[in-house]
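All remarks here apply to the structure that follows.
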Amino acid sequence: MGEKVLLRGNEVIAEAAIRAGCQCYFAYPITPQAELLEHMAVNMPRLGRTFVQAESELGAINMVYGAASVGVRTMTSSSSPGISLKQEGISYLAGSSLPAVIVNVVRGGPGLGDIAPSQCDYFQATKGGGHGDYHMIVLGPSTVPEAGTLTMLAFDLADKYRTPVMILADGMLGQMMEPVDLPDPIDVASLPKKAWATTGAKGRDPNIILSFDLDPEVLKRMNLELQRRYREIEKNEVRYEEVETGDADIVIAAYGTTARIAKTVIRMARAEGIKLGLFRPITLWPFPYAPLKKLSERVSTVLTVEMSAGQMWEDVRLAVAERAETPFYGEMGGVVPTPRGILREVKKYAH
Amino acid sequence: MGEKVLLRGNEVIAEAAIRAGCQCYFAYPITPQAELLEHMAVNMPRLGRTFVQAESELGAINMVYGAASVGVRTMTSSSSPGISLKQEGISYLAGSSLPAVIVNVVRGGPGLGDIAPSQCDYFQATKGGGHGDYHMIVLGPSTVPEAGTLTMLAFDLADKYRTPVMILADGMLGQMMEPVDLPDPIDVASLPKKAWATTGAKGRDPNIILSFDLDPEVLKRMNLELQRRYREIEKNEVRYEEVETGDADIVIAAYGTTARIAKTVIRMARAEGIKLGLFRPITLWPFPYAPLKKLSERVSTVLTVEMSAGQMWEDVRLAVAERAETPFYGEMGGVVPTPRGILREVKKYAH
Amino acid sequence: MERSVIIAGFGGQGVILAGKILAQAAMNHGLEVTWLPSYGPEMRGGTANCTVVMANETVGSPIVDEPTSLIAMNLPSLDKFEQMVAKGGTIIVNSSLVNREVARNDLNVIKLPLNDLGAKVGNMRAINMIALGGYVKATGVVPLEVVKETMAQMLEKGGKGKFVPLNAKALDEGYNAAH
Amino acid sequence: MERSVIIAGFGGQGVILAGKILAQAAMNHGLEVTWLPSYGPEMRGGTANCTVVMANETVGSPIVDEPTSLIAMNLPSLDKFEQMVAKGGTIIVNSSLVNREVARNDLNVIKLPLNDLGAKVGNMRAINMIALGGYVKATGVVPLEVVKETMAQMLEKGGKGKFVPLNAKALDEGYNAAH
Amino acid sequence: MPRGMVVIDKERCKGCGLCIAACPQKVLAYSGQLNHSGYNVVHTEHPEACVGCTFCALTCPDIAIEVYREKVAA
Amino acid sequence: MPRGMVVIDKERCKGCGLCIAACPQKVLAYSGQLNHSGYNVVHTEHPEACVGCTFCALTCPDIAIEVYREKVAA
Amino acid sequence: MPTDLDSMVKVFSRPKSLTEARSTYCPGCQHGILTRIIGQTIDELNIAERTLIIAPVGCSVFAYLWYRCDAVQVAHGRASAVATGIKRADPNLVVLSYQGDGDFASIGTAESIHAANRGENITVIFVNNQVYGMTGGEMAPTTLIGQKTTTTPSGRDAAMFGYPIRFSEMIAQLDAPVYVTRQALYDTKRIMDATKAIKKAFTNQVEGKGYSLVEVLATCPTNWHMKPVDASRHVVDVVTKVYPLGDLVDRG
Amino acid sequence: MPTDLDSMVKVFSRPKSLTEARSTYCPGCQHGILTRIIGQTIDELNIAERTLIIAPVGCSVFAYLWYRCDAVQVAHGRASAVATGIKRADPNLVVLSYQGDGDFASIGTAESIHAANRGENITVIFVNNQVYGMTGGEMAPTTLIGQKTTTTPSGRDAAMFGYPIRFSEMIAQLDAPVYVTRQALYDTKRIMDATKAIKKAFTNQVEGKGYSLVEVLATCPTNWHMKPVDASRHVVDVVTKVYPLGDLVDRG
């Protein structure tokens, strides 16, 4: 398309999904992702594709399970409490090796919380909020344009590894507008056929979608296959960004909206002579442990900044393993850290 | 009551809950915790207490939310997929500071999985399967008698800290019988009154139970109060067991059923001259980081053994921080590691 | 160089749209830009606001703790945001509804009687454009013509082309009224 | 010293109860004990089994990969568990239903025609007690009298006191039939 | 003296107009004044016509109206 | 020659007895033989009475019964 | 003012069981009328000290602010389950489960139906405004055929989105409920009828009779994009044709 | 055997669309009869190549083993939602949502009702055996008053546990469903009636008519603690009194 347009993050995710060939979208309304639903309500029927406002988040994720079984690209979106309701369904998707995209426009929690931006669902997304040994690929966009490109990528990764993929956004990213170059729509017909999909047992043996076997030895084998795929994803798909880390003494570890704010902090800090850099994981699962480990060997401090009580912080500490200081600065409940607030923290570790 | 009886883990948890003064129990059937429900179905009405078979796990956890609001001791139980369905409710309980006990008799996952014992819900339990920055206290009993004592403890801790507490058991612990000395019933009347409970605004200002505020600054304060309480719990309530660690060169880190099996392995290993010990977290949250850190300073290897792909392993590595080797041995899908299987792993690290 | 403005007022005063037009105009003018609304129930019946950040380089934080400008369409908005404005910044105040002076004296304060001016251009719904006109004059962040064109394009796209002349007049009115 | 036995058979053959009685008897006899059933759908219509571990000290693993004994009430059970039994261990086989020999020769094999013996004591439901009697004789893990008493207490508590004489007879029958 | 009287809490009134429609006596009308929340609030344009029937108050979603009625001689 | 005939798959039969009750001709009965799953399976005790009505097969939950009927001369 | 207050008596004032807090509803939103009716009922039955208000997720999420009663704010759709837990824990409490149509008849379908089927001794007020108010005007299960919402931008089409659900009629199929009724608030008479119905629903609970459900047709001027007065008219002209008023069950 | 196979024709055999796998049901369980009827229907309509079987959680969790059709095993209670997803993604597929009464009428209440209300063009078979079979005989929403289950050890008491739910009657209140019927399997005639009903429910879908629901009263000899033949008798004598047989909606 080439043409720059000013759009909300929610709309960009929706539009990118459409351009990635999403055929079926199912969701239940919730703030702050209402515009995503609305964009789909307007545009999916127009394109002859499926939009269903489900009776609940449980309904929606299980409709996704159905559509994914049949082999079409499919998506659902929600925000924190709604995502909690999808946990059983996500575990089933993972267990049944079904590709699907799930968007969480995170808000303040726990419980009903509020509708302001937050990053307090990182654990749920990356460690597995559902039951069982599974992982989703979790992508953490930092700007509105990146929300678009990562959504396109999400569909590709989902298909490639037969796995659910989550876009972990937040209320700010969903609500804000920013100029964006919308990616070109893919050619749906050119996507590889899914031989495993339950499209009707015509001229072949039946295909079965399932996440269970009552024989533990068989279920173990199914789990080993999942784990094999997770190791492959860890090998191939780790994505991250480093900003001004070359000479950095202090590095901020942050993702998503917080990372974006941190970029302003770098400018402010460098203006004051503090050698500050940024390590930004783009894949939150698989987490970029190795590059952060490497980086931690040559900095004094890795300051984790999150809109949470310290969740990604655990992964940072796992990577750093006490090689550097690993302090934490977090805001909670929908409060967004300000550049000045972060700078104040940075200064505590600058010498 | 002094007399030893042979009972199933599920029955012991149920009976301990009754003796801890659980007034209201709500649940939906699922294997392998059926006997827990059945014990409650028989005994709660007999004692004039509440037993409701809910329409679903969502129904059950929200009934618990209601009963907890009113200030009575209350419990629900389920197994893995059912616990996933309770995640929104658990986040609400935590957000609203409501005491309640939740039992997860874990089975193989993900998805429908199977009904054999597993430890694959550790992440969900300890990191927060629901949305938002919250924690539950998570207790991991290793034997049937301990399932009883920890259930009693769970109710006390829930009330003390106004928090949900989870008993993280597994199918084997739930199904097996073992001799147990049932604890004496507490005197319900002697429990401290809950001034915050919504028992009717008689002679006082209204009490309100809620987990939200639309003003991020207020929600932040609510979160800070939760975090303050979590720090207090971390200070006061860490529990763990060390077995033959005094001279140990290799230590197995394991909890629950796996830890019990590891005790057999210690006997076998020591018979062969291998200095093997066991570090067993009893509180899985708060995890005993400090004692394990200390222990890791004087052993060569901390071998984590779980019935999972390696979940508690992350906490072990956080504690050990590369001070010792941290290999992992896991079984999945409901397969239970055998003493010989574990010993084989141990030998890889014995010199 | 980064400029930022918080536009705030009652629910019906059109602050969200004013912000969108400004952001789109700035983008058309070649600037990097972010637009961030307050959202959800707080808007209903009560107050609404949005933040526009415009810069030559990539915008860092779309939330600003020191906006360079504030457009306060009512008293609660002035009360809430006055202290945040950066030293030397600009405040546009709707003096029709705000019955107090701006307390700070390190700012460029422009009082516009928006409701009276609205009556003058013939439609109270256009007061957001009057305010925006005043802001453009005071800050010069985007040329008035670009704002006008952008407004016209956006209204036409939304099927509200017939309101273009009115809003153009309102932009002029505000532009001229600002000293 | 730790003894363990897997008791396995068809769903209706009473293996779960036999295991419970053995476990309770061992406990009454002062031993540490665990009892672990197979559970869930695999029981339905198909086969069932349970594992009892008895020891002087705390029982470690209630799952055993080398049981010291096996009671195989039917062919699938023998097929499934024969290879697991510890060297020098004991297998009680229901020779009424198992039409093959035990393949291993490092075990103490006791063949009991349980169905015929059941007919003899007058009730096919008692064959689990016949097998248990044989096991007690072969292993001596708990005295027969303790098992009998325990059985009587348990049946009486469950309101099935009238079946005590039959089951006592069955225990004797199995005890005597085991060489 | 009118038979009834209504007192409107200006800061509670949201100017929805339901009371205006509910009043059988056409007592109420918009005042043209904005309150602190920016609403055009209702006032008693024809207080003399009020019969104290309470219809306006019954319909007011913001419970902004109190109603008085003439004391009936005991 | 009987008008009908049923063939029972012994390994599928679970001895539930529904077919015995469904047969209007009382053709079927328990055989007293256990199959490999331990079920007392049904057999045709009175094959000569079979009319091939299929009632037993319709009711068999395990689809253990096939039914044949005399060829009608063309 | 020309009148003499001394010669007047107050015949209508704020119910005592309500706090002074201002409502958070939009201008003309009939949720507000219900607040007043409920307050009045609590006053009349003198039960403020033992009433528990369940504040759902929806525009009435702030319901806990308005009553001088204990209150519990609950997860979206689960109010009837929470009410069950409360009532079973303390049967002496009077429990009001106040729910929007999205809450009660969509996400909460299972909890709503099974609480009714168990005959929980609670009072449920189910506010049918044919739209999701709080989240900005999406389709509700009750949305009328052809009605435009943000998720049915060309109007609700039965083939794609199904039909407006008459949930009370479904509940009325169950054996347990003692009282199921549909009321409206579009004029003074309907407001007085609804007041009676709500009082009856509370009285049933106080007398231990069991489950009562009052469905109330209400307006959402904001998301219907109508003036409040026109919205009331719309209820008369259109909405009551799909959702007829009246008692469906009365076993009291 | 005295008969001469050559002179005989096979008049009843295993439906072609079924595999050779043995059933996992208990002896005499009527789930098995339904398997056969469904197989026969798929044969008759010649739709095996485009039929998708949804295997629920419950005793029929293994349903995917029995048909020579593609199949999807789904979460407990969510079969109707999954069916919606499948059918919307590919309307050419024929989707059977096979669900137990716990699955359909308890945990799946919301998904069941809203799929029906949307009029999804699917076929639902809802097996009402008044008990949770798979998990060992707990109370189902359909359990009869006085019926003993593991969670109602003294029999279902309405005051504590509510009433047996007539879910099909609730579904019949909706505007969308084209066919809602209740059938049984306790004798040959009923089996033949049920066969007709199931064929009709599939035919409706093939012809694009919309949502069809066949409730089937079935036995669970294991958890009823009855011999299979006695269980059938119990359906006639007791169960059909609470759940009358027959069509509730037929807009086909």
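Of note:
First chain written, first letter: the chains are A, B, C, D, E, F, G and H, and each begins at residue 1.
Keep in mind that, in the parts below, a contact is a pair of C-beta atoms (placed from the backbone, for glycine too) under 8 Å apart; a residue touches a chain by one contact, two chains touch by 3 or more.
Remember, predicted model here, so these are calculated numbers, not experimental data.
Within the contact network of the assembly, the step distance from chain F to chain G comes to 2. Of all chain pairs, the one joined by the greatest number of contacting C-beta pairs is A-B. With each centre defined as the average position of its C-alpha atoms, the distance from chain B to chain E rounds to 60 Å.
Chain centres here are Cα means. That of chain G falls 37 Å from that of chain H.
Here the CA centre of chain B is 38 Å from the CA centre of chain H. Here the CA centre of chain C is 85 Å from the CA centre of chain D.
For chain H, residues that reach two or more other chains under the stated contact definition are 25-27, 61, 73, 75, 106-107, 109-110, 113-114, 118, 134, 141, 161. For chain E, the set of residues touching two or more other chains reads 14. Within chain B, residues 31, 52, 55-56, 58, 81, 88, 92, 96, 111-112, 115, 210-212, 214, 336 each touch two or more of the remaining chains. Against chain F, the residues of chain H that register as touching in their complex are 1-5, 7-14, 18, 22-23, 25-33, 35-36, 185, 187-188, 191-192, 221, 227-229, 232. The touching residues of chain D, counted against chain F in their complex, run 10-13, 45-46, 74-76, 97.
Residues of chain A touching chain B in their complex: 58, 80-81, 83-85, 87-88, 91-92, 94-96, 106, 108-116, 118, 120-121, 123-124, 127-134, 210-224, 226-227, 308-309, 311, 314, 317-318, 321-322, 331-336. Chain F contributes residues 14, 34, 36-38 to its touches with chain D in the complex.
Looking at the complex, you find that chain B touches chain D at residues 4, 6, 31-32, 115, 171-172, 175-179, 260-261, 263-265, 267, 336, 338-341.
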